[in-house]
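In the two complexes below, chain A is the common chain; its partner is chain B in one and chain C in the other.
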Partner chain A sequence: MKGKNEQIYYESGLPVPETPEPGHQPKPWGKTHVVGKPLPRIDAYQRVSGAAVYPSDVTFPDMLYGAILRCPHPHARVESVDTSDAERMPGVFAVITGKTPEANVKWPYQNGVKTKLFDPICRFEGEAVAAVAADTPYRAWDAVRAIRVSYRVLPFVSDEKKALEAGAPAIHGKDNRVGKPEVYQRGDLKKGFSEADVVLEESYRTECELHTPMELHGCVAKWDGDLLTIWESSQGVYAVQSTIAEVLGMPLAKVRVIGHYMGGGFGSKLEAGKYTAIASLLASRTGRPVKLFLTREETYLTVGNRPPGYMKLKAGVKKDGTLTAFEFESVVTGGAYPARGTGLVDWVVRELYTCPNVRTQRIDTFTNTGVARPFRAPGHPQGAWALEQMMDALAEKIGMDPVELRLKNIPSFSQAQPGNPPYTTTGLKQCLQKGAEAFGWKTKPKVKSSSGETGHIRTGVGMAAGVWFVGGGSPPSTIIVKLFSDGSVNLNMGASDLGTGTKTVMAMVVCEELGVKLDKIQIENADTGTTQFATPSGGSKTVPTESPAVRAAAVDVKQQLLKMAAADLKTDASKLAIVDGDVIVSGNPAKKIKITKISAFKNRGVLIGVGYRGPNPPNRAINPFAAQFCEVKVNTKTGEVEVVRFVAAHDSGRVMNLLTYENQVFGGITMGIGFALTEARVLDAGQTGKMCNRNWHDYKLPTALDVPADMTAVPIDMPDDEANSTGAKGLGEPVTIPTAAAIANAIYNATGVRFTATPITPISICRLAAEQGRKG
Partner chain B sequence: MLPQFSYVRASSLREAVKHLSNQGARLHAGGTDLLGCLREGIFQADTVVSISRLDKLRGINETLDGGLRIGSLTTVSEVAKSDVVSDRFPGLSQAASQVASPQLRNQGTVGGNICQKPRCWYYRGELHCLRKGGDMCYALAGENQYHCIFGSDNKCCIVYPSDMAPVLVALDAEARISGPGGDRVVPMGKFYVLPGDNVEKETVLEPGEIVTEVLLPRASKNLRSSYRKVRARRTWDFALAGVALAILFEGDKVKGARVVLSGAAPIPWRAKEVEEIITGQRLDAKTIAKASGASVKNAEPLEHNGYKIPLFIGLLEEQLAAIAKT
Partner chain C sequence: MEDDPKKNESATNKGVTRRGFLASVGVGAVAVAAGGKVSAQPPAEILKAHDVTKVTLSINGQTHKILVEPRWSLLFVLREKLGLSGTKVGCERGECGACTVLIDNQPRYACMTLAVEAEGSEITTLEGLLDGEKLGPVQQAFVEHDAFQCGYCTSGQIMAAEGLLRHDPNPSAEHIREGVSGNLCRCGAYPHIFKAVGRAAELKGGGGGKS
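Showing the complex of A and B:
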């Protein structure tokens, strides 16, 4: 206790940044005192103790449970639906189908494509056919099973290349292309390849990854008169609000979506699902709240994926490491409808390294498979799988170290963004150098070491780099910081915290700016009824979007406080500063007033500061960069791969919280390990078109033992003051971009064999051994 | 969602057998497999008969002849942690510790492990396959990367998923079974049923029968055993390929051998070709190479599981070399 000036709500001795004059932007922070520290989550207790109420925890006394009948075929026409038995079952309150008048609404996909909510043509396995509300989940599922549907099974196609072949079943009446091929070109490809000393060409394949957030997809829908309230596990409550309002023909004001806590999204919860509309319709029909959460099997079939794709990359390089040309082609499929998350496969090829001559082409196709949704860094890990293995191969061919080759080709401006804007900051060089140093890249063994009973376990190292196509954040965002009469703060923010620590980081910004203690800050977020507009949390843009707006709102509070205090202290506001919860006169610290004693503030009761996210600087590219290094052990007799260690260096601008930073890095590596080594959707493509591995046993997520205990995050802490007022860039997606390619390169280093298809498993390694055996 | 069923907790083995003799009754021990099967609708259960009260079926004891008796309700974890098991039958200890995940090992029982249902994704899915009484095996011409290379009889190409079963077969263990007609003892080597004999059964158990204990014969001090499986990820996964070895050494020569493969066939698969080649030999590099190659001589790989050929060869090379050094 520090005597009479002790402030229980304010940190003492914490220098609060200077308050800009009204109408002026705050100066860059420079050195921070709270932001950047490794601080635990402000809601950690709630999350760990189970006190946090996630949408799946929401319950009401008269609540019913919804369940959806789904098409078991990849392509079928619904000829009739007989619900008579289901409707008579005890505890069943509603059964809805395409024939139910209010359920005859349109569901929007991308590119303006709409179908009926319960469309008679089911173009993928798991499409919704009917739905039930009952008093228990068991009775709801019993009723679903009692619905009799007559399907006319139609021919299907599962594979994107086969979808383009003549005679393939036409999923939308024409050929199976989703629009025209996307083509990007710069320079002169022919010239580029003619200048190269080495030209390599390789085909790559990445398999479809399924979304697996811990919390299942779903919601609770409840009506009060004509107001619909939805508790949804969502990355963006405003996005859910607008889709549901559109589908049900309601004013936005009458749809309130709440998602304070949510258990992970990774891109699959950026949008509303049919389940949201169905729960709302069931709740309306029964006059009771309806909870509708999908089973894991349903989410695997219907809530999106990282699209599978075929890629071909041809690359030219001079002996001195100068890249001369890239030619890249890809064929992907976002499933049965135009989907988000199918693009950007070529982005790293366009952008990551200086290369004057580039041509890329992407063909998106319809297949009778689940519709894609954005999946952590859409397109990028796939493109990096090709590009970064190719860079490794080029380096070997010209006898250059892979890190050196990359260092030689670092761009200072964006080659792919319109107008070729310079980057605000580019930490690619630092990522490569500091990462290599932390890993011990230069001292890596020249000869592969072997161990095991017969020397059949080989060790190898590999690395890869990455860039994320956005990551600077952007308007709009509106933040309100409410200062209560005792000096405590309420932070009001529309954005969701996906579990990444958004709330914690924002509270730290308020603490940094006002000096108010972290535990005296209450955060209200992700509620369209009470919090301000925010775009969904995705694209690694939440921190760079929201944190400057939070800072602006805190600055607004300070400006008002100083103006009010100026009256009490009979001086000019420009002469005042905030120190330890007091407003003091600069140069005369004895002349001061406690924030809570300021007369005008006391009269008003609560002070409201509003902050807006301003525009990004014009003609500048704001991008995060990455480099990752790993060591693997490969059992050459059994094909088992063990990832031994990982070092990840990431430039995401200012490191806002070292703990959440490390969490993101380790999480991204974990997902990248899944992409590289274990995960792949398997379809029964030759027979039924159904998904074979729709559960956690058959769809193999990496387990704790598949992830190395030895993981190191090397923060490249480069505040990007030109980008925004907190200096932050995005981190959540870049962290998973280079991982898989780094592993593939390490496996090549260990075995001398290049695996161009994901996942690299004992199956694929032994399969290659079998093929080589047959070839003799 | 689980279907509706009634639940009985038997207070004696006799009572359990009586309940299980009724049509539609299903045994519940650890429940790790049963509940999944019920949820996935692989079979129905009118009555679930719990044997959790039958404490006599728990525990690991020495038998009069110096062997071991493991009660069928003993958990997989208890076997994995048992000193007497790891002393005498390290292979069984290794197998138990490679089963599933810690949670499943704590809950799953020895009886359940050796009586579990197959993991074929067609069988576990919505399709009415031959093993479920339907008219075709979807895996034979489908996605069969996890399926068998021996013993499908061109009917059903599951692999038997148990890790403990191949070791028990290799160790010449027996299963004691109680049923409506009294007790019987069946060697583990004759406990499993090939699709050619009955495609809807995995074991010889008849309705109403319960495995009550597993009996291991006395281990000679020259007996070495091991089990290792290769899987698609490092835990919580069934075998792509596994090998159980039980080798009786005389000096550095093999006096007798049992080599049993998992992930290879609808039953634990004895690799008799390997046993014959190594018997009477030193486990030197040449013998190991010859024996390992012979393990897959009669394999009939399917479209997507040809990788199991080099995998079994590689695994046997590794494991034979390892057991020679222990």
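Showing the complex of A and C:
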């Protein structure tokens, strides 16, 4: 098992077994025949036909529906819960509260903090107080509304800076700091700033962003005697298994979690939720399967967020573009409990550009708000919002092109990781250069164009870069490949496919090695009962973690097969290769045998290959890099921003599937547009502390009309042969790191106004434009 | 996130009118005869909240006679009572479009439609676009252009596109964007969705994607 200090956010708090000794790992591919092509997904039919059974689609004839009564206050003590009316209502099978004996279990947060499942102190709006199972969801909600709770409302604090002030309500009995401030330092800051020709300082703010995946959080829980089966919309079935087994005091083997399909997570489904424990308890009490999916409103309150934060960045640069110093401070809040996904805000400041003198500090605070969960590239879009706007400001001040300034400061090794390991590959330069070329950066109008009757429509361009702190994957991963006598293949993998195309990429890896057609491959995945251990799919590590293990398993099958074919062909196995379903003798392609005709294989009937994920190369940093460019139109009268076009250049190692690659790039940009322009949790901080915009009407996601018609992905296809045997690095998170900052820089270019707080709304644009007008 | 104007139009032109519907809903009781076409029938008994009533729903060409509570949404009945889980649930408040179905060829949110309202109309769900196991043209186009990631909004996107193409077989790029603008995709597969709808128009025999 890995020690605590070695764990990254997507596995923290979970027991992570080691992968067995991986044995010989195959050499890197040269040219590939299948991997890299733009191929439709192997599960596309299921997803467009309705055949895919998502966890929320699971039904049983005797199934009940669960619903949770949640605290309406941001901070309150539950004094009494009266369920008598609810229990008498038609169709109600069970009502459970903190007084229910079997519900008296502990729920684990991070840092070893545990509370009761239905804790008498509710530290955020939406904390669970009681739950109901009834024969329809309508009746379950009728019963929830009939439960009478007496709350003593307590003083609350919503804002992370106010949480640190003297006299702020103490959420956990002392000051509201989550541990000590995290401090990072290298070089000599004072010296760095004294060497600078230009020193700039700016404060930034990014608002709380909500994941809101399309499929709601929830599960169906069903007991068969002492075996609990859970169909959960999850990024990691093994994470759910370990938490539920711990909470309910059950053997791991008796908790089976299945998540074949899931409708999006973005980090919010890396961990188990209280709802799963509650559904399991309701199912046990009633002796029936229970479906418990949250309402959309509940997901806004209770299943995580990207923490809001205040940031301050001071930066020094010489006239020639040499960066001399960065000083960065941030105050964030992961909500009412120690949470994952609150860190890494400073990572891009530490890592992205060569800078010898850096100091960063981060303070995490408790507030009476929903508990954070990792959100697509935790910390990074926030840090990039600050750093990449600062880089633009520095470039302007020294009269240098922003792309040139970045090109001048490209590091060849990781400055932030212990021991300063060199990167296996770094495509930052290529991202900047090829992205700029595809965008036409050099030919961009140097003077902003204005149109409209009074010149109030302004056009501007902007860019930003990024690095993701991991993305190389790591053990553990174990994969089983089964080759059947007719040449078809079954691939067994524990990892979830979040919609990123994981399964398709893995099938393509098998194709590459065994020459099997894609439609002859069936994948079994994400089931703790039948598939191998995997850490949750997150951190952009699923492809670089799983694909080398898939390749190793396919190679294991191949070696067995070639040995068998060698007997038929009366030659040595080392001289054989598989081409289009035939085993051929190298240099003598006429001498061949169909895979299905190999004598020993016909007798055996099925070949089983096992692949393990080998370790990463020692003392090397494996990171994906990014640069994005955009053009915006700003209407300074109405404050509307139209994102006209985007070009995104990404180095994520080998491009495994060009079609799904492009799709993910566009998806990351779309999410970044929301972060920059529309998305923010609004709290009634002055009066009630409640969330005001807990739905998609008031909390706006980008729609089909809000994304540019003109989006271009520029793949920097650099197989990272040193990183692992497929040469892949992560993609899913890097694609959303630079987006918001690039938009802010473009809006600055268009308007001359620096917007340092997200989201840049029409109101903020009109206000700042007016202020600027007054200043004249 | 604006409502598709076509959907509003459909609500007033076809089936139940908003006024007629509101008029039929009393406090704590719901009348079965919910305006529109149904109101031509003799006045029905007044039901209590938990009473059930018989409705006949025509879904994908099949007739289903079932007992429902008047407050049950068409979405709930499709997914939980009839096993047609291709139609997805995203918000249950008419914001995301994951539950889009066609009612008399118009894209409608099944979460905002009561099952009793849908009586007398022809309902088409994602499953209804299949010919046996064979994908319909819009579904096929979504496969070819990888017009989804997690796939959870996809059913609604496909139904919105199907509805669009039934009324405009040859939509412009702008009409395509408008046609799916009532359907959120958190994965952000929009550019591929636009391409797929253009391709679907081709497969259906229209031009598609003209600007």
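To be clear about the criterion, the second predicted complex is superposed on the first by the 732 of 776 C-alpha atoms of A that agree within 3 Å, B and C clash if a C-alpha of one lies under 4 Å from a C-alpha of the other, contacts with A are read in each partner's own complex, and residues count from 1 in each chain.
Methods note: contacts are C-beta pairs under 8 Å (C-beta built on N, C-alpha and C of every residue); 3 or more make two chains touch, one makes a residue touch a chain.
Predicted, not measured: the structure shown is a model, and the values here were computed from it.
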Based on the superposed arrangement, let me know which partner A:Thr660 touches: chain B (first), chain C (second), both, or neither? second
Mind working out whether A:Gln628 is in touch with chain B, chain C, both or neither, as first, second, both or neither? neither
More residues of chain A in touch with chain C or with chain B? C
Touched partner set for A:Lys700, first chain B, second chain C, both or neither: both
Could you look at A:Thr286 and tell me whether it touches chain B, chain C, both or neither (first, second, both, neither)? neither
Once the structures are superposed on A, label A:Tyr138 by its partner contacts, choosing first (chain B), second (chain C), both or neither. both
Please work out whether A:Met671 is in contact with chain B alone, chain C alone, both, or neither, and reply first, second, both or neither. second
By the touch definition at the top of the document, which applies to A:Thr322: first (chain B), second (chain C), both, or neither? neither
Touched partner set for A:Leu498, first chain B, second chain C, both or neither: second
In the overlay, answer first, second, both or neither for which of chain B and chain C A:Arg47 touches. second
So the chain A residues that chain B and chain C both touch are 137-138, 697, 700, 702-705
Which residues of chain C touch chain A in their complex? 1-2, 50, 69, 71-72, 76, 79-80, 83-93, 95-96, 98, 125-127, 130, 135, 139, 142-144, 146, 148-155, 158, 173, 177-178, 180-181, 183-194
Of chain A, residues touching chain C in the complex: 40-41, 44-50, 52-54, 56-57, 59, 90-91, 136-139, 211-216, 261-264, 266, 293, 295-296, 498-501, 659-660, 662-664, 666-671, 695-697, 700-705, 707, 709, 711
Complex contact set, residues of chain A against chain B: 72, 137-138, 141-142, 452-454, 456, 635-640, 642, 677-678, 682-688, 690, 692-694, 697-698, 700, 702-706, 761-764, 766-767, 769-770, 773
Partner chain A, residues of chain B touching it in the complex: 1-4, 101, 119, 121-122, 124-127, 138, 141-143, 145, 230-237, 240-241, 306-311, 314-315, 317-318, 321-322, 325
